[in-house]
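Okay, so chain A shows up in both of these, paired with chain B first and chain C after.
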Partner chain A sequence: MINGTVIDLSRLQFAATALYHFLFVPLTLGMSFLLAAMETVYVTTGRPIYRRMAMFWGRLFMINFALGVATGLTMEFQFGTNWSFYSSFVGDIFGAPLAIEGLMAFFMESTFIGLMVFGWHRLSKGQHLAVTWLVALASNLSALWILVANGFMQDPQGAAFDPTTMRMHLTSFQDLIFSPDAQSKFVHTSIAGYVTGAIFVAGVSAYYLLRNRHVELAKRSFRMAVLFGVLATIGVVTLGDALGFVDAQAQPTKLAAMEGLWKTEPAPLPLNLIAFPDQAQQRNHGAVQIPAVLSLLETHSLDGTVPAIDALERQAVRQVEDGIPAVQALQTLSRNPEDPAALAQFNAHREDLGYGFLVQRYAPDLTRVTPAEIRQAARDSIPPVAAVFWSFRVMVGTGLAMLAFFVLATLYSLRNRIQEKPWLLKLAMGMIPVPFLANEAGWLVAELGRQPWTVYGVLPTWMSVSTHSVGYMAFSLIGFVALYSTFIAIEMYLMVRTIRIGPPEARGPRGPQPRPRPMPAGGAFATAPHAARTGD
Partner chain B sequence: MNGYAIAQIIWWLLLGVLLVGLAVMVGMDMGVGASLRYVGRTDTERRVALNIIGPHWDGNQVWFILGGGAIFAAFPLIYATAFSGFYVVMLLLLWTMILRPIGFEYRSRIGNPAWRGAWDWALVVSGAVPMVVFGAAFGNLFRGVPFHFEWNMTSFYTGGFLGLLNPFAVTTGVLSLAMSVMMGSLTVMNGAEGTMAARARGLAQVAGTVAIAVFAIDGFWVHSMAGYHWVSGPGPGIPQTPLQQAVITSPGAWFGNFTAHPVLWCVPVLGFAGMIGAILAARAKFSHLGWWSGALAWIGVIGTAGSALFPFMLPSSSDPSMSLTVWNSSSSELTLRWMIGFTVFFVPLILWYTGWAFWVMRGKITPDMVESDEHAY
Partner chain C sequence: MRSFLYFLLFMVVAVMIIVLAAILGDEGAWYFAWLIGTTMIVLVSAAGGAMLDASEGAGPQGGDSTEHG
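Our next item is the complex of A and B:
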């Protein structure tokens, strides 16, 4: 039997390391495009200031990128180390996008980032620009594949359970990658990254403008960032709405938790703007409602309705009851894979296999399951409502605040009056933490809202963990907390220091010129071929 | 032999290709890291060493990430059982490996000697420890690992942490570290000049000699060790669980494939020849040739392990019949086919642009360069 503390510690470790990793990734996604845009302006107009911009923001980009890479290693291996049952159960499907991410995206991103940083003097203008665009493209491709993998956890498309191997197997690769959840989530999440990059560049530029330093560079950076940001924020909001629409179909329990919908009511449904959900009593305290808005948002019509928690729980009771014979049949099939009666019983109940697993947490021997245990399992099928409800409101609230900021900043920046508005510049600096908060809240909505499943409706979280001792899990958690705390302190210090020092001032009236290749002798780049090791 | 069995074998071979990529490319960078304080005596010399691999370490590291992802996709039971079973060792690997990106990126951003000294040590540790862990993990495959499955494929690892650091596994760890130091030294020799290159040249020969000795000793050791022998089970190309086979252990069984197919002896010979070639090339100051010869040695060493173990991938010492093989731990045919397609398309593309990146950044790295370039590590 799996120890409950091990489950909690595994979840805590995953949440902590994923939330931490997700501090760095969105900034990489957004800044890579801004760097590519700045360099494009440099190459098309030939104005050196844009080259200085790309180089300066590139330095900050790399400080962030290093931690994204380092903490990404943890994520790739954590499924195997801490979630071994999950990994063997769905590795057939979930592993594929991770491997493709490596093949298609990570190699491209990591190889060309070396050239982006070290290749300024070695590549022609056009080549370097191409390299920078490839980095931006690759970081987005990596987001695509990781969200295809995540999309499978939210809405398992293109897969089926195979009783002969006791695992899920792929039935359609197309269904897996074109799952609506994966696609809308990819666009929503990567654009959220663009917003993060835009706020960061705008905020740091505002810092220089307020102090009258590097004014030309900061003004241009600010303008590019807010233009990029206003478009991106509109995209995030639109896609967020689309994602809500998809969730309404695929994950009714998540949607009910996001909106604090305890009791089934007739359409049109009101929106709980503010409420304090109480999971034990299954009701909200102090709700402030807007009539009819929820039906409009989630079904895009006035007479649409979405299932509430009471109805979902009643349905879960039926599913648990139906899932029990499926698990029992599977136990027989494990001993004798060809038992025809067990196979028939399994096929009759296979749809609800996951719900059978859900109750096995309380009744390891399913022949003695009690109605109370079935009710408890059904109750478990509802995610933690208050946490999901409030994470969702933090995400939407911060998103709308950023939209308002970007609209204002774009207006003043385009009229070239941004320096006359110190309050707006101070606001821009104050906005720097906001997208990070929004991203983390978004992660919580998506992954807490998926509970109690690792794969929605198919595999419960409690079963997915590795069979470690509490001591092992505590040891690894402490190790990660110690390492990661040190890392973030160093990262913040370097980031702040590099920003304080600022970009090097332009040398001469036209700034530094790109040096031709190969390097002149003074540059001491020897021309001896060095390439034999790669076969060229 | 049906299509599924062929896909399983192709994936077993592809995994070998990816492991060789990992050993050659990551091993080279790890070797530079592990020997950083020996090859580079001053701060500038260490910066030269770091900048030789500076533009490439990040791309090279993806072989490691891809290795993990590919095992996950193609052999999910291996990924799940091995990574959770080797828990503490995996943490050791991860915690040292995540120091590397930060070490490379942050070390030279601040001039303080204590700061740089601390990161130098971090880079030494993050170069040496992962290579020892990789090698030790392979060593444990020969000895078997204590694990078993419940009816629903929940795996239980029943050994301790120290059991994974048994004497044989330590020797394979040393072999892996020695080979990567050899490759790292050849890389530094190729990219640096003067006394640094001379130190690297000496180290490459020493490391290569150690590797030859340990590889030979391990060969005799494996011969006297109890190997695993597959007796019965559903076999290749049939969906199954590891609960349906019979496996016994017997001394010398790891040489069974070599006895059955003597042509396989070419593989360990390639390992020895590659190491000897690398040493001779280092002595003759042909660093390129030495590097390529070292890469062949990796193919020989990893190929030897694979030839001996096949079809086993993760033998169980506590319940040999639950050992994981190519046949009972692979993904479904559909997944394997898609992944063969992606791998066959992308790996040549990766090799091509990696080659271009090395060509662009070709040439020696000198102290002047690292001191005048604001982007240098």
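Our next item is the complex of A and C:
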């Protein structure tokens, strides 16, 4: 039996590295398309200010991209080092999208980023624009494949367990990539990245406008960012609703935890706006409710209802009881794969195999399993409600706050009155951390809500980990946290430094013209900081 | 000849878009929505920048006279 502390440390290590990595990724996803928008205006209008915009924001994009890649690499290795049973069990399915993601990120995306950075003086305007668009597309397609893999963990489609190999096999690649969970998750996450990019560009532009520096560039950047952001935020809220609708079908325990729904109630269901869920007593404390809203949100109808935790636990008891013969048959088949009786028994109960695994944590010998152990396994099938409930509210609350900000900022920007509103510019700067908080909270909802499974309803988390020692896991966790904290510090330092230096100032038509300098390797990006220092 | 090649290129792109839209519209409506939505967001954002130039009556240099490398 695997040590419980090793399971917790393995989860903590993956969570820590993923949370660090997910600070960088959304900004890359969003800024890449904002760069494409800026360069599109440059190519269509020929106005050099948009070229300076694309180059300046491109430099910040590059800092973020480089550190994002560095933090992402180790995560892929963790599947093999810390989650070896998981990798063996679902590697036939999970490996394909992960490999395609690697190809997208390290071949397509990195190649075009190289051309984007070094190509300003080597490619024509049109060619460079095409490269910038391809960087944006490749960044987001790279995310697509990770989210297809994650979508499989949330709602395993296109795969089946093979009792002769003891592994899951891919049955339909089409079902895997077009699963509703993968689709809605990709669109929601990708557009959340657009919101992050837009808030970042608007916030930094506001910093320049408040200090009356680089005003023309900042005004245009702010305008483009808030328009980009207001549409993206509307999209992310709408697609969040779609994802909730999908989860209501595919992951009812996650939905019940998100809404703190302990007891089955008749429709229309009220929404718990605020509550303090108590998992031990299976009830909420201090709930503030809005009548009928949950039915509307989750079923788009006043008559609709969703299963509560009490009903889901009763169902899980039946599934655990049904899964036990499946695991027992599998034990027989592992000794004799040709045993027809065991195969028939397995096929009769295969749907609930995962629930049989769930109870094995408490009863390694399933012939001696007790009703109390079955009830405990059923209770385990509910994710940590308070953490999911509050992460969800942080995500939704910050999302709505960003929507309100973007609507206001768009209004003033379209009236060309943004510089008359210093409080709004200060607010824009203050908003910079908000999408990062929203993204992390969203990730917690998705992944804590999937517990106690690595593959929902199929493979429990406790079975998925490698059999390392506690010391090894603790040591490597401390190492990762120290290394990644250093990466964050480096990113913050480089970002702040680049923002303080600012974009290179435009040279006026009558002003003194600096002598042309020979272009070093690295082209425009390499010379820009120097130009900026002299320009400021 | 150059115009003809461009015509061919754009026709190929158009046919690819139609095929992609037909497949995605059928199998992956959310992916299709992402393609359309992203394009729209980028173009509206780009139009916002161009509108600002127009409303300020900027000259052909749009507040800038020379390029910086």
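The rule we apply is simple: the second predicted complex is superposed on the first by the 504 of 536 C-alpha atoms of A that agree within 3 Å, B and C clash if a C-alpha of one lies under 4 Å from a C-alpha of the other, contacts with A are read in each partner's own complex, and residues count from 1 in each chain.
Keep in mind that, in the parts below, contacts are C-beta pairs under 8 Å (C-beta built on N, C-alpha and C of every residue); 3 or more make two chains touch, one makes a residue touch a chain.
No experiment lies behind these values; they were computed from the predicted model shown.
A.B. asks: In the superposed model on chain A, is it clash or fit for chain B and chain C?
C.D. replies: fit
A.B. asks: In this superposition, which partner touches a larger number of chain A residues, chain B or chain C?
C.D. replies: Looking at chain A, the partner in contact with more of its residues is B.
A.B. asks: Return first, second, both or neither, reflecting whether A:Trp120 touches chain B, chain C, both chains, or no partner chain.
C.D. replies: both
A.B. asks: Is A:Gln328 in contact with chain B, with chain C, with both, or with neither (first, second, both, neither)?
C.D. replies: neither
A.B. asks: Regarding the shared-chain residue A:Gln376, is it in contact with chain B (first), chain C (second), both, or neither?
C.D. replies: In the superposed model, A:Gln376 contacts neither chain B nor chain C.
A.B. asks: Between chain B (first) and chain C (second), which, if any, makes contact with A:Thr45: first, second, both or neither?
C.D. replies: The answer is second: A:Thr45 touches chain C but not chain B.
A.B. asks: Using the touch definition from the top, say if A:Asn3 reaches chain B (first), chain C (second), both or neither.
C.D. replies: So A:Asn3 meets neither chain B nor chain C here.
A.B. asks: Could you look at A:Ala36 and tell me whether it touches chain B, chain C, both or neither (first, second, both, neither)?
C.D. replies: The second partner, chain C, only.
A.B. asks: Mind checking the angle chain B, chain A, chain C on Cα centres after superposing, to the nearest 10 degrees?
C.D. replies: The angle comes out at 90 degrees.
A.B. asks: Which of the two partners, first being chain B and second being chain C, lies in contact with A:Asn416: first, second, both, or neither?
C.D. replies: second
A.B. asks: Just chain B (first), just chain C (second), both, or neither: which does A:Gly95 touch?
C.D. replies: It touches chain B, and chain C stays clear.
A.B. asks: Considering only touches as defined above, state whether A:Pro504 meets chain B (first), chain C (second), both or neither.
C.D. replies: both
A.B. asks: How far apart, in Å, are the nearest Cα atoms of chain B and chain C after the overlay?
C.D. replies: 8
A.B. asks: Of the residues on chain A, which ones does chain B touch that chain C also touches?
C.D. replies: Common interface on chain A, chain B vs chain C: 120-121, 504, 523-524, 527-528, 531, 535.
A.B. asks: What residues on chain A touch chain B, complex-wise?
C.D. replies: Touch residues, chain A against chain B: 62-63, 65-67, 69-74, 76-77, 79-82, 84-96, 98-104, 106-108, 110-115, 117-123, 162, 164-167, 169-171, 173, 330-331, 334-335, 337, 463, 466-468, 472, 475-476, 479, 483, 487, 490, 494, 497-498, 504, 523-536.
A.B. asks: Going by the contact rule set out above, which residues of chain C touch chain A in the complex?
C.D. replies: Going by the criterion above, the answer is residues 27-31, 33-34, 37-38, 40-53, 55-56, 58, 60-69.
A.B. asks: Touching chain A in the complex: which residues of chain B?
C.D. replies: By the definition above, chain B touches chain A via 51, 54-59, 61-62, 64-66, 68-74, 76-77, 79-84, 87-88, 90-91, 94-95, 97-102, 104-106, 109-110, 151-157, 187, 190-191, 239-241, 243-244, 288-289, 291-292, 331-332, 334-335, 338-339, 342-343, 346-347, 350-351, 353-364, 366, 368-369, 372-376.
A.B. asks: Enumerate the contact residues on chain A facing chain C in the complex.
C.D. replies: Listed in rising order, the residues of chain A that touch chain C are 33-34, 36-38, 40-41, 44-52, 120-121, 140, 174, 177-178, 180, 183-184, 186-187, 190-191, 194, 216, 219-220, 223-228, 231-232, 235, 239, 242, 413-414, 416, 504-509, 513, 519, 523-524, 527-528, 531, 535.
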